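Labels for the chains are A, B, C, D and E, by order of writing; each one numbers its residues from 1.
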Amino acid sequence: MTNGVPISWYLVLSAVLFTLGVAGFVFRRSIITVFMSIELMLNAVNLTFITFSYQLKQVNGNLFAFFVMVVAAAEAAVGLAIILTVFKNRNTLNIDDVSSMKD
Amino acid sequence: MPINYSFSGVDTLRFLPEIILTIAATLLMVLDPLIKKRSSSAFGNIAILAFIAAIVASIQGYGNPGTAFGGMLIVDGFGTFFRILVMVVGILTVLASYRFLNVQDAETGEFHSLLLFSVAGQCIMVTANELIVIFIGLEISSIASYVLAGYLRDDKRNNESALKYFLLGSFATAFFLYGIALIYGATGTVDLTAVRAAQAGANAPNPLFIGIAAALMFVGLAFKVSVAPFQVWAPDVYQGAPTPVSAFLSAGPKAAAFAIFLRIFMTAFEPIGQGWEPLVWIAALLSMTIGNFAALLQSDMKRMLAYSSIAHAGYVLVAMTARTDIGEAAAMFYLAAYAFMNIGAFAVVTHLSGKGERYTSIDDFSGLAQKQPLTAAMLTIFLLSLIGVPLTGGFFGKFYIFKAALESHLVWLTVLGLLNSAVAAYYYLRILVVMYMKEPSEAAANAEPLSPGLGAALILPAAATLFLGIFPGWVLDFAGRSATFLK
Amino acid sequence: MQLWLIPILPFAGFLINGIFGRRFSKSMVNVFAIGSVVLAFAWVLKTILGLGDLNTPYTEHYFTWIQSGTFNVGADFTVDRLTAIMLMVVTGIGSLIHIYSIGYMAHEHGPNYGGYYRFFAYLNLFMFFMLTLVLASNYLLLFVGWEGVGLCSYLLVGFYFDKQFATNAGNKAFIVNRVGDFGFSLAMFYIVKQFGSLDFGTVFHQAAGASQSTLTLIGFLLLVGACGKSAQIPLYTWLPDAMAGPTPVSALIHAATMVTAGVYMCSRSWPIYVHAPDAMNWIAIIGVATAFFAATIGMAQNDIKKVFAYSTISQLGYMFLGVGCGAFSAGVFHLMTHAFFKALLFLGAGSVIHALSGEQDMRNMGGLRTKIPWTFATMMCAAVAIAGVPPFSGFFSKDAILVAANHHAPWMFWLGVITAGMTAFYVFRAMFMTFFGAYRGHHHPHESPAIMTVPLVILALLSLGGGFIAVPTFLGSFFPTVEAPEDFVLVAISVAAGLLGILMAYVMYVAKPGMADSVAGSLGDLYKFVYNKWYVDELYDATIVQPLVKGSRTVLWKGADVGLIDGLVNGTGWAAKQVGGLLRLLQSGNIRSYATWVLFGGVLVIVAMSVAGGIR
Amino acid sequence: MNLLLLTLIVPLAGFLIALLIPRSSSGGSRMWALISSLATFVISLGLVAGFDRSLTGNQSTIDVPWIASPDIHFSIGVDGIILWLVMLSTFLTPICVLVSWNSIEQRAKEFYAFLLLLEFGLIGVFIAQDLFLFYVFWELCLVPMYFLIGIWGHGRRIYAAVKFFLYTMAGSVLMLVAIIYLYNKTQTFSYNAILEMLASGRLTFNPEEGMLLFLAFFVAFAIKVPLFPLHTWLPDAHVEAPTAGSIMLASVMLKMGTFGILHYCLPMFPSAARQSAPWIATLAIIGIVYGALVAMVQPNMKKLVAYSSVSHLGFVVLGTFSFTQMGLDGAVYQMLNHGITTGALFAIVGLLYERRHSLEIKDYGGVATLAPWLSAMFLITTLASIGLPVLNNFVGEFLVLQGTALANYTWAVWAALGVILSACYMLWMYQRVFYGETNEHMRHHMLDLKPREWAAIIPLIAMMVWMGVYSQSFLPPVGKATARVLEQTQVNVPFRVDLKPAQSGSHTEVARAH
Amino acid sequence: MDTILFLVFALIAVVCAINVVVQSHPISSALSLVGVMGSLAILYLQLGGEFIAAAQVVVYAGAVMVLFVFVIMLLNAGAEARQGRSLVASVLGAPLLILLLLLVAYFVQRWYPENPTVKFGGFQHGTALDVGRALFTTYLLPFEITSLLVLIAIIGAVVLARKELD
């Protein structure tokens, strides 16, 4: 295993992807892109799960990632439906325009 | 790998409430096209029946407490308490929404179906003893709630509410999930009891790692219970959502989220309690302060109640800061009392808001006492309870919380918290002022008589609020006995 | 002996007239009002006669009034020789004045149904309190009477309560008296602190063994009280104003009885004073200063009642001088004779005013001796008595005081003598301006009815012969005696001063009528100063009243209360709302901002947990 | 049946039944309020009759568990102080009903219901023997009073009501902290049990702890009293409140504060009380003088009376912190006196308001000509208020000042200034309102007392005279209770009424009058 | 070999992820996201997650992303508009992100002090068999309740997207 990949690299990669997801959420204006950023974050988490699964030699991490996928899929369905209704009502996908309630 | 696993009837029995709710939800969905719209409140009736059946099942289940599905679920007093609580919240929400849905021309089976699913998710959360199950339960509850928040999809405010709730909720959930992943990495398990046990052994992981994981989970949970600085979403979402849904959101999911918050932090993260106590301390103070002070200037009733719910979340955190069984019992009691008074208050808003929810500003409550004294009296009870006047549940809730805090020598937090509640009195009093001391507004003058459903949604919480205020012992005893987790 | 009947009788009169008087006819009111007082007088006579020589005090206990711990105050009445004299004076003169008032008040039209019944009710109430005052066997009960007479004074001064000046005068009387009472109360507190009781017997018994500083303080504080009630410097200002009340009130309350309460109280407290020479000395100083000071003002007044008012102050000063010099019996003696002649002077003045339908300014009188001869004659008796002409009553009492003053401090004697001259001058000035010369008014004077003149005559007789009542002897065993040798020279000097005063008045107001004005003119500012009563009222107003009222309004109320304290309270509310306003800025409604806040919180939490976990 | 319990329950029952009376029947509401409050009064008379004056400590006690954990009891009882405060509440409530008879036209049902609820709360505050129960009643009193001011008050009623509520609330939350703290330390809420623990040394506080607890209680009470400088809610509340509200507020509610100080602060935290006495006495004296001075320049009658309350209540606090038997007796007596006298003042001001519809002094003048009896009653009340002997306040003020003088003569000197000033402001007001000339408007509206109004005023006047002349009817039980408080406070003031027994007539001949 | 594999796909993943964030057109972002997912699938495979790698491609990249693209097309979402701003996000966003990254990255790289390495085939229990067995035994409950989740998603989509509430 001398020339294997250090496990921390995977974890750091995951952290980077997670942060990029957060960045997308914070900086993007298109609602859909924002939503995709969330998917990115979930993917990053999945990578962590699977990395740990490898390290712990357990199948559980894989399962968790699988559950996350299902959740992500369900979220996608509902989320996109919500985005559709917003678009129908406001005719915009700019997230900054959806801010009528404040104070 | 041999299959050494099987589940028994006991497991099913302990999972029965969720099963009932799921079946009912599915049934409603199926029935939706079959039942003639607007002709009856059959959907609601079925939902209520299902809730009652599930409550009965929960009580039955508690008769034989224990774990199920290999420790994934745990039917203990704590779980049962919250199970019943969220189901009662469900019932009250249904009661409050009969007339609402009718007025908005939006009676469908899906509404109730989603509600049942959401409650089922909460039931799963509060009885789960394993992070992944908690996560899935949370998502079930949340996703259903997102949809409910945007239920009147032609209403701009509903859309916005749903979108904000959904995007920010998913965002926070991602943090929560990341936390789970790190916990898994650190301890090799996601079972709460095992996580706790793993921290005690000889090759225990660095508490720092547990701490980081706890921090990430804290973000997700604090978001769900709308604790500062993660509270920003709550006012917008509560204001925008259909009023009965706001009532539901502020009571059910919140209580369930608090349940898992308590369970996770008091079991899995109890060994690093010294570490997170200051964090909760600050969050509690911030929530109380931000919630109360921001509420001072609100003119919209729903929004004001949203801020108030932030403040009340802060009070519950005070109990959590105590890190004792008494504290947990106090938090449980408080959440129950809070659920009743808050749903009641929202129910009054529902009653008055009218078609398209035109009347939700505080001024619309002007003179309500002269037009509808009973409604006003009920709202008075809820508001006094929210203030924390004796003989109401809210008072005893606060009392127990601060008692627990003082026992843990959190004198300053107690003093600041109670002073906060004096500030809070101001904005609740404003509503009493307009209701009793001003001339009737257009909204109050045109308010229709209380429908039976809404009436029940007012009287039941009012009675419960008073009951908790006068005879708190019954609930508190139960909470006290249930506050010890499987460790 | 049922001492309680003495005050209760007038009190019953008060209740009956007070409650039902409005429906009564005047004669019905008279029956209860005068009847009760006369009965009280009769009961006093019977009591005193029945009690024998009164060498030991006679006490009756009725009930415990206040009890706290071991301290208690009883509703107890005592009669001793001092009380006996006071009882006689109060009920006797009181009866006369009540009778006189029937005539005087017959045509008065005060507010509220003419106020006839009200007048008598108040008068009866006054009698009740005055009698309580003199009968009291402890300081607190004395204080009851003390405050009560003050109240009646307030009510009667403000009898014409639709007139602002009358009610102002009433308030002034009450409030200035309150200042004196302040001292009295403090004295009582100190007495209890030191002696544990307020009973005269106990206190005086223990006073003999108390330290001098204690007794001096108590004596001084009591003096403050006495100054208020007896209109001494610096608290005399209320008395001249109190003339706003009906004239019989001035006679009874503001000349004969109530204002002498201070003298009575100081005399009563002699066991305290004899061991407190400093306090005694102060009594004498205040007394003589007041006597002189008031006399100067009295010389320049034109209102007949004001003249007598200042005269009263001046004569009270004499009494204080006597008491202060240790001549307690002389003081009390002068108290009695003064009650006779000053009551007579006031009643006479009332008769004049009555005759002139309310005119009080002497410049509008003159030559009345023929028109109202009874009034003139009786008043003349009083005038010679007060001027100290032998052998009339004033001579004896004033002489006794001056002799004692000489013994105490000669300068006081000389000041007293000068005052005696001035007294004779202003009294006869008033007599001459009123009764001599030509009539300068527009009314048609008429003599008063017999119901008024008969009391005048009785008082005249008392004024003339009162000096022969053996009060000093009677009280000789009651008070400690002062070794003051009778000195004929001193007597002659004082008599001469009095005669000189009469002569000057005659010259200036009868012989050479223009002279008064020219003298006044030549004195210039000094005359103006005296005429305006030394500007004391103005001084008090500018230094005490106005600063207090204006300060309270601007500094305390608007400044401290509304501005500062309430400002802080409301400011807290305002600040809370400002904080709320700031917090609302968090709620921009923008999802990305919200996410940033969540991120912000998340980073904070992670940092906090790493710090807590001990980041390495 | 325990009469004390009955006294507590009848108003509550009255309140609940009042809720059932139809809104349209305001006459019915009035009558019911009168009947039930009178019934309460009669029952409380029975309580007095049954009170054993020879006993110290609580009587008519009831103690039943209410909540198991924490150990909260429904525990009530009366001692010599509580007895009279309960009487004061039951005595004044029917009077409040009477004075509100015509002035409350709108929403009469709620008004009278709240009044009865208020009575219930007030009685409860006084008789509670369990700290928690006490707090419950304490807060409960806020609600009806808040509504009474806010709904039936005058112009700025809402501001006043909210201010009242928040001020009190801010203070009482601190008290709650202290109560909970005490519980955590002692595991009991029972007042008597805590005192017992203190006495037996099983419960001790370190100095800072004791002082903080003391202050937490004291501030809550001081706001209610109100002690300078925490008094600014009072003028607003009084001016805006309806007559009955003002009466109950001034006469009974303020006593909650002074009672609390006497009943809780002193015995439970003796050393802190002793330590802070100079400061508190100073504030009390400032309040006495300051309240009087500010009262003097008020243009509004109710505001004037309100500030006068600040002054009068200063006496009560001062007497309490003199730690002398006389001071405490006087303080308690002064509480009752102030209740009666100020109640009467507000009642009559209310009657004036009904006639003239103004509270401004300048709008009046010459009332005495038109309504002599009204004026006479007000005069008597005024005189009582300024402490004229033979009327009630004198006895109280005398005892307070005397007690204070025993403890610290300088305090008494300063405080006695208030007595002078009280004459100034009251008489000045009396002059401007009742004396002087009348005008046309007044002549038409200023009627004299009507029978119903007589019925409300006469009992008050009678009490003033009774309490002023024969204090022995009232003081002995008070003395017993205050002596106990002093004992519990463990005061060691040099002069603790070690008065030599009065040697009345030691060298005089005493004849017993039959 | 493992290292190169990791580096290549990690690089692709990161670049694609950055692209997701910086692209202004949603469709570009979506395609970049597919890229991320694809490269992650490779990494999963490297870590022994055979089943999950397959699922990643089929479910995620296949189904979910298709849904995204479908919606983008449906709504005809163009390049995002530039108007509208969030002061908080623009001021605090970047520093906070950097801080978050640094903190989390610092901790995770310290996770295993001895820093074990990953080799292809080092873990072989991520097969469909293993996953399936676990799913239907130990993780039966979560598995069953995820079905609820899917059901809710369906209802939710129906509620929100149905033509009209009646």
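Just so we're on the same page, a residue touches a chain if its C-beta (ideal position, glycine included) is under 8 Å from a C-beta of that chain, and two chains touch if they have at least 3 such contacts.
Fair warning: this is a prediction, and the values are worked out from it, not measured in the lab.
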Neighbouring chains shared between subunit D and subunit E, ordered by label: B, C
Topological distance between subunit A and subunit D, in contact steps: 2
Distance-to-centre winner among chains (Cα means, whole assembly as reference): D
Reference subunit A; chain at largest CA-centroid distance: C
Farthest chain (mean CA position) relative to subunit B: C
Chain centre separation (subunit B, subunit D; CA means) in Å: 44
Rounded Å distance, subunit A centre to subunit B centre (Cα mean): 26
Subunit A and subunit C, separation of their C-alpha mean positions in angstrom: 96
Euclidean distance of C-alpha centroids - subunit B vs subunit E, Å: 30
Contacts with 2+ other chains: residues of subunit D: 166
Of all residues in subunit B, the ones touching two or more other chains: 132, 136, 139, 143, 146-147, 150, 153-154, 162-164, 167, 171, 182, 185, 208, 212, 235-236, 297, 426
Of all residues in subunit E, the ones touching two or more other chains: 84, 86, 89, 93, 97, 100, 103-104, 107-108, 111, 130, 139, 142, 146, 149, 152-153, 156, 160
Chain pairs that touch, as defined at the top of this document: A-B, A-C, A-E, B-C, B-D, B-E, C-D, C-E
Subunit E-facing residues of subunit B, complex: 1, 3-5, 7, 15, 18, 22, 26, 29, 37, 68-70, 72-73, 105-106, 108, 110-111, 113-114, 117, 120-121, 124, 132-133, 136-137, 139-140, 143-144, 146-147, 150-154, 162, 182, 185-186, 208-209, 212
In the complex with subunit A, residue positions of subunit B that touch it: 132, 135-136, 139, 143, 146-147, 150, 153-154, 156-157, 159-164, 166-167, 170-171, 174, 177-178, 180-182, 184-185, 188, 190, 235-236, 239-240, 297-298, 303
Touch list for subunit B against partner subunit D, complex: 369-370, 373, 384, 387, 389-391, 395, 399, 402-403, 406-407, 411, 414-415, 418-419, 421-422, 425-426, 429-430, 432-433, 436-437, 471-473, 476-477, 480
Subunit B partner contacts - residues on subunit D that touch it in the complex: 23, 66-70, 107, 110, 135-137, 139-140, 142-143, 146-147, 150-151, 157-158, 161-162, 165-166, 169-170, 173-174, 176-177, 180-181, 183-184
Interfacial residue positions of subunit A with respect to subunit E in the complex: 1-24, 26-30, 32-33, 35-37, 39-40, 43, 46-48, 50-51, 53-55, 57-63, 65-67, 69-78, 80-85, 87, 92-97
